[in-house]
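To keep things simple, chains are lettered A, B, C, D and E as they appear, and every chain counts its residues starting from 1.
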Amino acid sequence: MDWGSILGNAAGEIISPTTAAYALAAIGVGVHFGYAGLLNFGQAGFMAVGAYAFAITTLELGFSVPLAILASVIASIIFAFILGIPTLRLRADYLAIVTIAAAEIVRYLVSTVGLTDLTGGSQGLSGYAREFQALNPFGEGTFGIGPWVYSGEQWWVRVFGWGLVAIASVLVWLLMRSPWGRVVKGIREDEDAVRSLGKNVYSYKMQALVLGGVLGALAGVVFILPRAVQPGNYGTALTFFIWTALLLGGAATVWGPIVGSMIFWVVLSLTNGIINGLRSADVLSFISSTQAGQIRFILVGVALMLLVIFRPQGIFGNKKELSFNV
Amino acid sequence: MAQAVASSTVTRTDEPVLRTDDLVAGYLPGVNILNGCTVDAYDGELIGIIGPNGAGKSTLLKAIFGQVRIRGGAIWLKGEEITSLKADKLVAKGVGMVPQNNNVFPSLSIEENLEMGIFQSPKKFAERFEFVTTLFPELEKRRRQRAGSLSGGERQMVAMSRALMMDPSVLLLDEPSAGLSPVRQDETFLRVAEINRAGVTVIMVEQNARRCLQICHRAYVLDQGKDAYTGTGRELLNDPRVTELYLGTLAADEDAKRKGPATAEPPTASGFTA
Amino acid sequence: MSDTSTVRTHPLVKGEVGPGCAKVDPIVVADGVTRTFGGLTAVDVQHVEIPRNAITALIGPNGAGKTTFFNLLTGFDKPNTGSWSFEGHSLAGVPAYRVARRGMVRTFQLTKSLGRLSVLQNMLLGATKQPGENMFRALVRPLWRNREQEITEKADDLLKRFKLDTKREDYAASLSGGQRKLLEMARALMSDPVLVMLDEPMAGVNPALTQSLLGHIKDLKAQGMSVLFVEHDMHMVRHISDWVIVMAEGRVVAEGPPETVMSDPAVIDAYLGAHHDTDLGEMTGDDRAALAQEAAAEIPVDVSPTPVSDPTPVSDTTPVSDKEEK
Amino acid sequence: ASTPPQESAEPSADIPEGDGTFAVGTILPATGNLAYLGPPEVAGVKLAIADLEAAGFEFDITLTERDSGDTTTDIATQSAGELVDAGVDIAVGAASSGVSFTFIDQMIDGGVVQISPANTSPDFTDYDDEDYYWRTAPSDVLQGRVLGNLMVGDGAENVGIIYINDPYGIGLEENAKQAIESAGGEVSASVPYNPGDTVFSTQVDELLAEDPDAIAVIAFEETASIIPELVNTQGFPSDKVYFVDGNLSNTYEFQPGTLEGAKGTLPGNFASEDFQARLLEIDPALEDFSYAAESYDAVVVAALAAAQAGNDHADAIKANMQSVSAEGEKCETVADCLALIGDGEDVDYDGASGPIEFDENGDPTEAYIGIYQYGADNKYAPLNAEFGSLNEE
Amino acid sequence: MHTAGQSRTPRFRRWLGGLGAALAGATLATLLVSASAAAEETTPTPTPTPTGDFTTTFTVGGIIRSDDTPLEGVEVLVEGDDFEETGTTAEDGRWAVVVPGRGEYTATLQVDTLPEGVAPRDPDNVTRQVTIGTTNTVNVLFPTGEGSTQRTTFADTLLTRLVYGLNFGLLLALAAIGISLIFGTTGVNNFAHGEMLTFGAIFFYLFTTAFGWNLVVSILATLLLSAAFGWVQDAGLFKPLRRRGVGLVQVLVVTIGLSIVVRYLFLYFFGGGTENLNTGLTDTVALGPVTITAASLVSMGVSIVMLVLVGLFLTRTRIGKATRAVSDNASLAAASGINVDRVIRVVWVMAATLTGLSGILYGLYRGVTWDMGFAILLLLFAAVTLGGLGSAFGALVGALIIGLFTELSTVVIPPDLRFAVALVVLILVLLFRPQGVLGRKERIG
């Protein structure tokens, strides 16, 4: 088995743009759930909104990159409002279902046959990344160290993605140790109590929803830079995986979402590499490639369960906090 | 004058019905809330437990009831060790408990709450229901109301009744009088005494310490997870240290004041123009 | 109201003392406030005024509607009919958090502590006028550092009084039942309210501590606040209240200074019990039987919507001013 | 429109030297709504590799298999990334046009020659692929016509179509519709559905509302849900139902008779008994052979291109693909072709799937479309074949 | 019986095939559903694989019929550059003219050769332009008569959708009740619930269709296995998690993991295809304009009965009430002498059984796939939420609303948005009733 390339691939996942996108989205969910207690199970919806807004404004309206990013931020703010106005009064578990539903509605809408001209239907969109690559400051050449050797274009996507992650982390960190963060965390614990202290709970929840949603939209942009926009990607599975990443790291923590995403992708890559490695080394010769693909998911599921069972608070989470988790 | 409620001492057999032996317990790792707490209750005794907030009184009851991790010591029920036994096993052995918080099932009706009280022997429901509703007739009238919509005091009644439904042989009460109106509080204390006289061993945590000490045979003062003082109810009631540290002088002062001029003068209709 | 044979006056009262009487300087005035749940009328208050800069106790049997009335006044529940005002401004339809901002702050009978916030954070959340609670200002620490310091000092002071200083850094979820009550009250006081409404603040609080806190409550009055509290501990009511309002079956059935009200036979029958001051241990069998009967008939049918048994003489030998000097 | 072989055979200056290993990757459906077509395609690839090795191909061959999933998952882009990272020279796949579109750019950027054995969407024809994208299946401009003709030829005047809303379904529907209408027929109901849909009673109702004479079902795996609704529940006669390459399969578990008389089209020649037998040796569980020959040919053509260039680098392969497929000495087996190339001849490979002549877009210019018909046992058998050319339009 | 191995064989079927055959043999022969053995070996004898060089044969042709009767002897004139030939229809109504090569041709129906009483539909347009280019054969049409298209009326469509919506709603309800029960007692949003449904469907498929067991036996066996599946999940996973005091959101992530594992195990063993259940229940019933399978009617009936039974169980039986008590406050329930773990176990087993049953019915409705449960999971959650979380009757109401809106909306909205419509309804309802249709508001303070 070629451990070099298996580990190399896994190491590559640590800084891959997809990992950055997951981290951003997970930071957003962290704001929602970890701090404000909003069970947002519709982060995929925010990502879709961000991704489509970016792609459509680039392709159809010829927006420049900064403008297109602005468009996706605005779109996600609008989406957050549309979602928030009717639902922020709901109990947490109702909100969970409603947010999944909203995300699915977005997915149905962008893939509906009638809007194929705009959204590409179930096929999605591509070709919007040219503008972005035109801004690439690294040139064409390939450089890097160790397993991280990429072309300038690949570096550009990574630097952009992780730059956003860094900004988002600092922002969230600043906010959460401020009185604003205190109010938001108070809402997580008991809305009525916070209300009785004269805070406009609804408005704070909306702010948190918007903040996390904008991060989700930016995650959507980063997510699509190295691939195509495809409605199928924004199903519930994406949300579930983001939650997984978040909880692996630890929900109300700064590093949690980032490290969680990295672990998630490394685990995914390792299971894949090892299974395929064993297969080509004829150890698992009775498994076909089809089955290898399936076993990988089975292992991911098992790994997910084991991680949560044995470290329920996540890597950075506070066990003490968890013991009051009712 | 008839016999006072707690004037007779209970004949003790050698072995307590319920005994916690040097109990050490806590919630968070490394932090013990109970630090070697020893409490005995002999057959037919009414034991009061008082102490400052956060002393560990509720924790003691929860530990007995298998709801807190026990780190040291042991609990004995009728000579049998029950340390860390689960709650439903204890119920089967005739131990009942009324917790301090969250002590009703909000989405069940009052009647269903009471049904849950006697979950293990449903046949006796009608009989016991009649018994507890003589205690709290309100409940009978409202039997279909969801407990979640009840007022604080009403919930407390439901909680008490639920524990009484099962006719336990040992009853653990955590602040049963909290939130009840004065007359109901008194009634509750008397009922508890009555139940106790009928042979039920009762351990009662109370912040209404005077009332509690008035009716109980013996009491423990718990402080920082340890039994700091113990004695008969009267002894403690009259112990100045206990009064100062735990009972306060308010009630006594008030009583004294009222027994002075206020009661001496007959109530008059004359006003008090300023 | 209906009784004209005796003249009853009181420094807090404008005109005659009686249920619904007008106050010299009311802070809250409620008119025709009703609330029904299905067939049950929980609150039916024709008219009531809460005096300013006084300590008012609201007492009454369980289920009398005290908590519901609190909920209505503070915007946590909507009445079927009625209007009420606070410092002359109508509060009907004003959301709870605005009510609190106007200075009418309440606590909850079933405590609402913010479990996964430390005790100190709980306290800080109670404070008003925090610039750092604005999302954008939160990002710049210097803008809120001073205020944070101020309120931290204040919180520490309160915590000490409420004997919670040792728990300062613990999660509120780890507090005992009584400690939660204390925290709830202390937190409400953080906001320097105009009127503080305490719903059974001392239920479950150790009597020795209760006693030491009464002084603090009186201080509040000295600082110009008004207090309205629900309590079943008659010693406390007698000790600190200037005025007592009695509710039964949703209606205000009596009001007056504490001594008067508590010697009102109707109130004794309906609420206190004749043996309220007897030592239970010394009670005779007859007494017990009588008590049982009283308890069974706690809400006597003869408590009519009109004032409690008219000819009740008002007795008071302790002038209000005396108390204030203590 | 093929480039003179001599030119590309010469190692041009800017084509880097390969690593000496002809690295084949597959990105074929192991999961998803086309999963049933994965096995024959994989078998075809493996058979080709076996044949190449047996024929003494000059380069070592490695095979990296990856799943393509379907368009409702993100598997394909990951697999594509892995193949690029693994440094494969050619990637065989994907089966579904929709899926191919999701990673074609990755292949182009990664410099991998992508050869799809099954993509039939017309949209690939003029995709800006820098010559990295090829396919051995003909565009649906052909199958669409054949399907339309077939239906019209059976007398259907009023046709209903239910089709998958992806590049494949859209392209096929468009061409079939055009054929039907130009023959004087009418497509009265054309109902798209989205991949991932599972219940089709609405769409079926919508089709039947127009009372069509015949219905074409342009779908993948979803067919297993559409047919029971259409035929069993609503009682539409099965011999008026038309299948296509996306759903022509022997693996349906319907009640006997459900599909009796239904017809279907499938690009590619009828698989010869011998070829089928050899595939079965590779994978004895095979029940369908759709696109096995095209997969086989995909690998072989690429290998021949590498052999002709004497260089296994992807850029060398793409430069010689057209040359080995058209003009020159015809050869039909791997051994023959390799021998000819060894002799320095220019070859024209005619493979298991048909003549294989690539145009400048990387599309085959001529192809067979097989026409099949189902029996009462829900298995299909060849009925007819149609030959078509995309060149002479 | 089906011949094993002949059709696409899910892997476990192959593995269990031997076992299955043995079991099936042991099962009374009378229990076997008699699947028509006559259907074997009817693959059409292939018209000999086209030989000759059909790559260079070019044909223009077609078929001419009056209604469904082929017309014989009708002539069509095909003309092109320097080419003219007349084709005549044969007995089967077909005609064909071989033309010399690629190019433009016209085909003209010779109207006078049509039999008496048959006229072209459009008498002014009996000439067709034919391009032989892409394909070597081109067929053209000459429709005759009036054309007999009967379009369905709007009312009929509405009615059909209504019935289908009801059917779908009831199916959802049955599946959703399990979610509601488990959520109700443990507070866990079980995202692996869909897999319990798939589990029932797959095993039912295995028993009836693969093993060919009798229907009743298959149902019982499926339900038994489903119950066991529920038992195993609780005993092996959720109870230990409860023991360790793992938070609800964490448990939720565990269910996500479980869902992935189980789903892909299904895929591994069952394969990715859709299998249709072979129960012998193929009759369809026409209710006015609505055609529906008998199986659907039966399943509606079963759903209603089961839902009523569950409702009664929860409100009338002691265990049912204990279930609600546990959901309110597990530790208090324990303090009341309720064995919380046992109650939860009962709930799991019950929920799994009901869900297994719904899997059977849902499988009948739309075939069996490895991810069928996952695909409707969100609708199930939506139903439960819409009705009011934790309320069993709420789940019924919610499911009916979802089912009806899903189907009825297609009358006005593209069908690929029908689930979106159902979800919008969910949000709108919660806008006006945040606690769900049958949910209750909690009292404050």
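What we mean here is this: a contact is a pair of C-beta atoms (placed from the backbone, for glycine too) under 8 Å apart; a residue touches a chain by one contact, two chains touch by 3 or more.
Which chain is which protein? Per UniProt: A, E = Branched-chain amino acid transport system permease protein; B, C = Branched-chain amino acid transport system ATP-binding protein.
Note that this is a predicted model, so its numbers are computed, not measured.
Participant: Treat touching chains as neighbours: how many steps, at the fewest, connect chain A to chain E?
Facilitator: 1
Participant: Among the chains, which one keeps its Cα centre farthest from the Cα centre of chain C?
Facilitator: Between chain C and the rest, the longest centre separation is with D.
Participant: Report the chain ID whose CA centroid sits closest to the centroid of the full protein CA set.
Facilitator: If one averages C-alpha positions chain by chain, the most central is A.
Participant: I want to compare two interfaces, A-D and D-E. Which one has more contacting C-beta pairs?
Facilitator: Between the two chain pairs, D-E has more contacting C-beta pairs.
Participant: Where the centre means the average of the CA atoms, what chain is farthest from chain A?
Facilitator: Checked the centroid distances; the maximum from chain A is B.
Participant: Any idea how many Å lie between the Cα centroids of chain A and chain B?
Facilitator: One centre to the other, that is 52 Å.
Participant: If you average the CA atoms of chain B and of chain D, how many Å lie between those two points?
Facilitator: 80
Participant: If you average the CA atoms of chain A and of chain C, how far apart do the two points sit, in angstrom?
Facilitator: Computed from C-alpha means, the inter-chain centre distance equals 49 Å.
Participant: Please output the residue numbers of chain C that touch at least 2 other chains, ranges allowed.
Facilitator: 67, 76, 108-110, 174
Participant: So which bits of chain E are touching at least two other chains?
Facilitator: Those would be 267, 416, 444-445.
Participant: What parts of chain B, by residue number, touch at least two of the other chains?
Facilitator: Correct list: 27-28, 149.
Participant: Okay, in this complex, where on chain D does chain A touch?
Facilitator: On the chain D side, the touching residues are 26, 28, 30-31, 35, 38-39, 42, 64-67, 69-75, 77, 82, 85-86, 98, 101-103, 105-106, 109, 165-167, 192, 194-196.
Participant: Touching chain B in the complex: which residues of chain C?
Facilitator: Within the complex, chain C contacts chain B at residues 6-11, 17, 37, 60-64, 66-68, 109-110, 163, 167, 174-179, 182, 200, 203-212, 214, 232-236, 238-239, 259, 263, 271-273, 275-277, 279-286, 288, 291-292, 294-296, 298, 313-319.
Participant: Okay, in this complex, where on chain B does chain C touch?
Facilitator: Residues of chain B touching chain C: 1-2, 4-7, 27-28, 51-55, 57-59, 100-101, 134, 137-138, 149-154, 156-157, 174-175, 178-187, 189-190, 193, 207-211, 214-215, 233-234, 244-251, 253-255, 258, 261-262, 265-274.
Participant: Note which residues of chain D are touching chain E in the complex, please.
Facilitator: Chain D residues touching chain E: 31-33, 35-36, 141-142, 145-146, 149-150, 152-155, 157-158, 165, 182-185, 188, 191-194, 196-199, 201-203, 205-206, 208-211, 221-225, 228, 232-235, 249-257, 260, 270, 285, 287, 366, 369, 373-390, 392-393.
Participant: Could you please specify the touching residues of chain A with respect to chain E in the complex?
Facilitator: 33, 39, 86-87, 89-91, 93-94, 96-98, 100-102, 104-105, 108-109, 111-114, 192, 236, 240, 243-244, 247, 251, 291, 294-295, 297-298, 300-305, 308-309, 312, 322-323, 325-326
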